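First chain written, first letter: the chains are A, B, C and D, and each begins at residue 1.
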Amino acid sequence: MSRLIKAGIVGASGYSGGELVRLLHGHPDVELVALSSRTYAGKGIGDVFPSLRGLAYRFEEFTPEDIVSLADVLFIAAPSGVAMSYAPVVAAAGKKMIDLGADFRFNDPALYEKWYKMPHSCAELLARAVYGLPEIHRTELAKADLAGNPGCYPTSVILALAPLLSQGAVAGDLIIADSKSGVSGAGRSADIAYNFCEVDEGVRPYGVLKHRHTPEMEQELSLLAGSKVKVVFTPHLIPMVRGIVSTVYAKVKPGCTKEQLRSWYEGKYSREPFVRLLDEGSYPTTKAVYGSNLCDISVDFDEANSMAVVCSALDNLGKGAASQAVQIMNIMFGIDETAGIAQLPVFP
Amino acid sequence: MSRLIKAGIVGASGYSGGELVRLLHGHPDVELVALSSRTYAGKGIGDVFPSLRGLAYRFEEFTPEDIVSLADVLFIAAPSGVAMSYAPVVAAAGKKMIDLGADFRFNDPALYEKWYKMPHSCAELLARAVYGLPEIHRTELAKADLAGNPGCYPTSVILALAPLLSQGAVAGDLIIADSKSGVSGAGRSADIAYNFCEVDEGVRPYGVLKHRHTPEMEQELSLLAGSKVKVVFTPHLIPMVRGIVSTVYAKVKPGCTKEQLRSWYEGKYSREPFVRLLDEGSYPTTKAVYGSNLCDISVDFDEANSMAVVCSALDNLGKGAASQAVQIMNIMFGIDETAGIAQLPVFP
Amino acid sequence: MSRLIKAGIVGASGYSGGELVRLLHGHPDVELVALSSRTYAGKGIGDVFPSLRGLAYRFEEFTPEDIVSLADVLFIAAPSGVAMSYAPVVAAAGKKMIDLGADFRFNDPALYEKWYKMPHSCAELLARAVYGLPEIHRTELAKADLAGNPGCYPTSVILALAPLLSQGAVAGDLIIADSKSGVSGAGRSADIAYNFCEVDEGVRPYGVLKHRHTPEMEQELSLLAGSKVKVVFTPHLIPMVRGIVSTVYAKVKPGCTKEQLRSWYEGKYSREPFVRLLDEGSYPTTKAVYGSNLCDISVDFDEANSMAVVCSALDNLGKGAASQAVQIMNIMFGIDETAGIAQLPVFP
Amino acid sequence: MSRLIKAGIVGASGYSGGELVRLLHGHPDVELVALSSRTYAGKGIGDVFPSLRGLAYRFEEFTPEDIVSLADVLFIAAPSGVAMSYAPVVAAAGKKMIDLGADFRFNDPALYEKWYKMPHSCAELLARAVYGLPEIHRTELAKADLAGNPGCYPTSVILALAPLLSQGAVAGDLIIADSKSGVSGAGRSADIAYNFCEVDEGVRPYGVLKHRHTPEMEQELSLLAGSKVKVVFTPHLIPMVRGIVSTVYAKVKPGCTKEQLRSWYEGKYSREPFVRLLDEGSYPTTKAVYGSNLCDISVDFDEANSMAVVCSALDNLGKGAASQAVQIMNIMFGIDETAGIAQLPVFP
């Protein structure tokens, strides 16, 4: 790498933003040049993240034009709707952008507008954006300037199902995805529902049949299957900070065997740097991927019922957000895909 | 109540046993006369349960004959296989017994033998035993002397599905039950897998496609449906002490409406003292039932996919074990069904 | 008890308020007649506390006059400053009141005004109020109409030290109290500092050298010692919901022996229904008092350094707040002191 | 660095051992050449640490001679007593060794023998060993071949007190250290006392007045003070995985001011790469150092009572064990002291 990639972050004061700072600060090919935040403008990084005390970064309130002029690549770690206002500026300047929100995840702007309840202001850029799951769209990403970082739940569900769907092995059109997430997925918010006392020692479903990650899963799974796939998705809140386990149930076509299933997963993932297919009898746990960009997957097959049960685990702030965004950046810039995100999980 | 019911507990040093002591000590109609334990014989209750320091109970090692001679009713809170050796003695003495293990849960001894990998030594008593889920088998329990206390997972899954199945509303024969349990469900064991550091901040599936609670669910759900029902069951370990949430997915026959579904649940549970059907948009959480005999249930219906998503929450040591056992005892002895187990949940 | 005590709660929507509802609902001698809340007026109890779904209580916004006319006794579970506005009305009506805040804990209004930064509006009633720690002020409480429920930390620290100080055994005037509290002590608040992600897996001191419970400890400890006692107090936030452990260090006068110390504690506490003096080598844990009105205490003595190390554990919402308030009520009304608060701790 | 340092680990299957693998695997100047374990010989690293699946390391059972022949430096992450049997072999071969146990922490073998209840088999090597706290003994470490890695509690307490003691500012000879530790400090053990259900939602003191880290603190603090210092030390178990907060109370000599205290801490730590002195009003939390080699420190001074209250936080597996051991190695080998251990803390 002849010179460092200059990176800026918009919305750097949330959990994904903080994780981006942690990763980009340690990235050998990156210089972190701008942290934009309206709320914390003027504050040092250590005032917002006690873990980062001692680093010299400060938050500033940048205009889109200003931050784009400083950076080669922009990470948008702000709520959905923000990235749309930066994208045209980024495009005009010939820079790159990775949105951790949902603005650039959908092929069809109508779908975005239905689920996110706001008009999509730059449908023409949406058409050029790539859904940033490297294991599925690596080739397109290498040529892209704009990527929608996949949602945390969709990443875990799509990786769990890709080998099965791309083999055309799923029977019918209905898949069940039951996910369990740590609390950091809800963001860094002052909401009584996420007060420690309300969360600890509890597990509860939420957003049943109406979570906004559903259409994103359906879009990508349908593309993989080559036909329309529907997902019944139930997320659950778990008393832990980081991590998602998704347990996915898919009816498989008659005649499939356990060995076939396994071979498809091996074929798909054996050379992937960040997906670990577990041995039979081993199961994913969020503890084994804590703080990393890894996704662990197990595959079981109930032959009597022709039902595949696939489990995946990832860190929702890692492979589900910030480190995946860095992986996308690495691909976009043609550098080593694992640069800056090869940290081993912290255990226990 | 003219005189107190004399109760004995076998295996009182585990978590379910301790919960039985807590509940029976405070039960207005019960005198706790014997705590049997081989390991802790000679110890005071406070040496084994720091929470119960100050109570006068001591553990002794009783023979089945001795403890049966002292007690009107025996609770077996020991591993599966133990209750079988007490049952003939209890029956011969005309006393009552409630087994918190699996020895008396199955109608077919062959099923027990297949899943629990040991011969069933008293199949003739098994025929007289009642599967002790009060909301399903209250009438039989009132006449019974022997009951198999349902497993924690089956209690949560059967209560979630009973109204649907007894209406014949489920299409096909396959149901998916995805459960999330606190760690106390694994018992009070010195196993590195349950060391705090291995469990905290983690969620993981286990026993995928082979958990022993599956046949128990299938037996009872098939009885309710009037035809063979199959269950794909996946339990998960959650970093919390007590509680289970089960999320159940069942394909419903064409033509069913959301309102119908809801009315069936209201019909079934509106007069049940320990089942709370939640308002639409509210969801069960283990925090809302902590330390109680309650089971909370939500019902959702995805009309487009004809899929019912039913969620239930209970305390695995309460409605999933000890307080349900006391509820069974109350019914067996014809006293107020809520006696001794009407404690409100501890929150937060 | 010929007729039920009519109880009202002001500020019933916080954690202490919810615990009061749980306890008073089950209290055999109490009828809960009024729950006052401005924020939740019109809501059912189950909308505010999911654990209490199914109970018929509703929140209303009462004037002091209205709620006093309905109730025999008022519990004030609101922030400090609120109780002062109810006290004159309660007194005029000849009713009783127990304040869970700090308004009626101090003998000297100037001390209140200094630490709570507001004028004390009814110093004349303050003079009639009793500091409601039953183990210290039981006799006065039996004759009182107005009590200040001790703070959670002071309860744990004063109970840990009372036997030592009342024997005049402490050397010098300086005591160190290092306390560890669960998060519910901070109240039911939408504050990012208590978001699960900020608290879990963390322990941290706060309010070092300036926590408002310090003068309350010093007042009571000085009274017990018969001379001015100073306390260096450091509270810590622990990732758990309920419970306080206080570790107290006091230099003891030369010549004291371990046996003497222990005998003073036995003398003081052996007949107390809610204090358990632990055997040597056993230590208090918040788990052993969870959900109860108990306080567990251990006593150690470092003879070489003449240093007593006394540890106490209680449930901050129980003996540290709501159940202690009920204990005070029981004493004030001359009924069984343990009525309604004899629940055994929930374990594990 | 012309060639890689070859490192071997003895007892690599515990939590400190796993952390050493994580850190040394990523260390730019180290090649990890041998993992010794009797229990796990033949197993792959991923069988023992699910987080490390995919790495190629295997456990073997090495003799001391064999592992010493392979490695330039040996880390002993085994129970106290093991390192003594390796030390003579290491010394004879002219290699280096860092013991994470207590065998080489004491200047006086009699002290070791009294507290660890076993004879010290190589007192002559003990004389050459350096107590490996870099902030205190950096110069000696640079010349040493053998170091005793400080205990986790002593690291936190000594760093909290060093500036005060080396200024001769402590009055009297008695210091109180009240520490709070996560559960990983107890090691990776199958002990019912560390079962999740026994630990979660609980806080408890243990080892009161008899913890083995006490003499280690006293040795180092006395050296710093130039006179005998005594410590009353109380550790507490906290329901979290990693981290220690120590709250230290020391009576300060008359005439000292807050500003002086603070200036001593700034003087001592402003150039230390791994100690962060917090601004007044900020307090250490284990969350801010999670997974790192950092130690955060706050200093308060109660002028009225002449009492300094110093709080420190570190990761017991990081600065309290594995990463500190790597820091020691870096110093011993004369490479960049921060190499391989500059990871930022994982937050939240």
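Everything that follows uses one rule, which is that a contact is a pair of C-beta atoms (placed from the backbone, for glycine too) under 8 Å apart; a residue touches a chain by one contact, two chains touch by 3 or more.
Here the structure is a predicted model, which is why all the values come from computation and not from measurement.
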Fill in the blank from the handout: Farthest chain from chain D by C-alpha centroid distance is chain B
Problem - Result of counting contacting C-beta pairs for A-D and B-D, higher pair - result: A-D
Exercise for the section: Starting from the mean Cα coordinates of chain A and chain D, work out the distance between those two points in Å. Expected result: 36
Practice task
Calculate how many whole Å lie between the centre of chain C and the centre of chain D, each centre taken as the average of the chain's C-alpha atoms.
Solution key: 39
Practice task
Starting from the mean Cα coordinates of chain B and chain D, work out the distance between those two points in Å.
Solution key: 46
Exercise for the section: Give me the residues of chain A that touch two or more other chains. Expected result: 15, 184, 188, 197, 200-201, 239-242, 285, 287, 290, 348
Fill in the blank from the handout: chain B contacts chain D in the complex at 15, 182-184, 188-192, 194-197, 199-201, 239-241
Problem - Complex interface listing, chain B residues touching chain C - result: 15, 18, 22, 25-26, 49-55, 184, 188, 200-201, 241-242, 276, 278, 282, 285, 287-292, 296, 342-348
Fill in the blank from the handout: Listed in rising order, chain D residues that touch chain C in their complex are 174, 176, 178, 180, 182, 197-198, 200-206, 208-209, 230, 232, 234, 236, 238-243, 245, 247, 249, 283-287, 290, 298, 300, 302, 304-305, 307, 309, 311, 313, 348
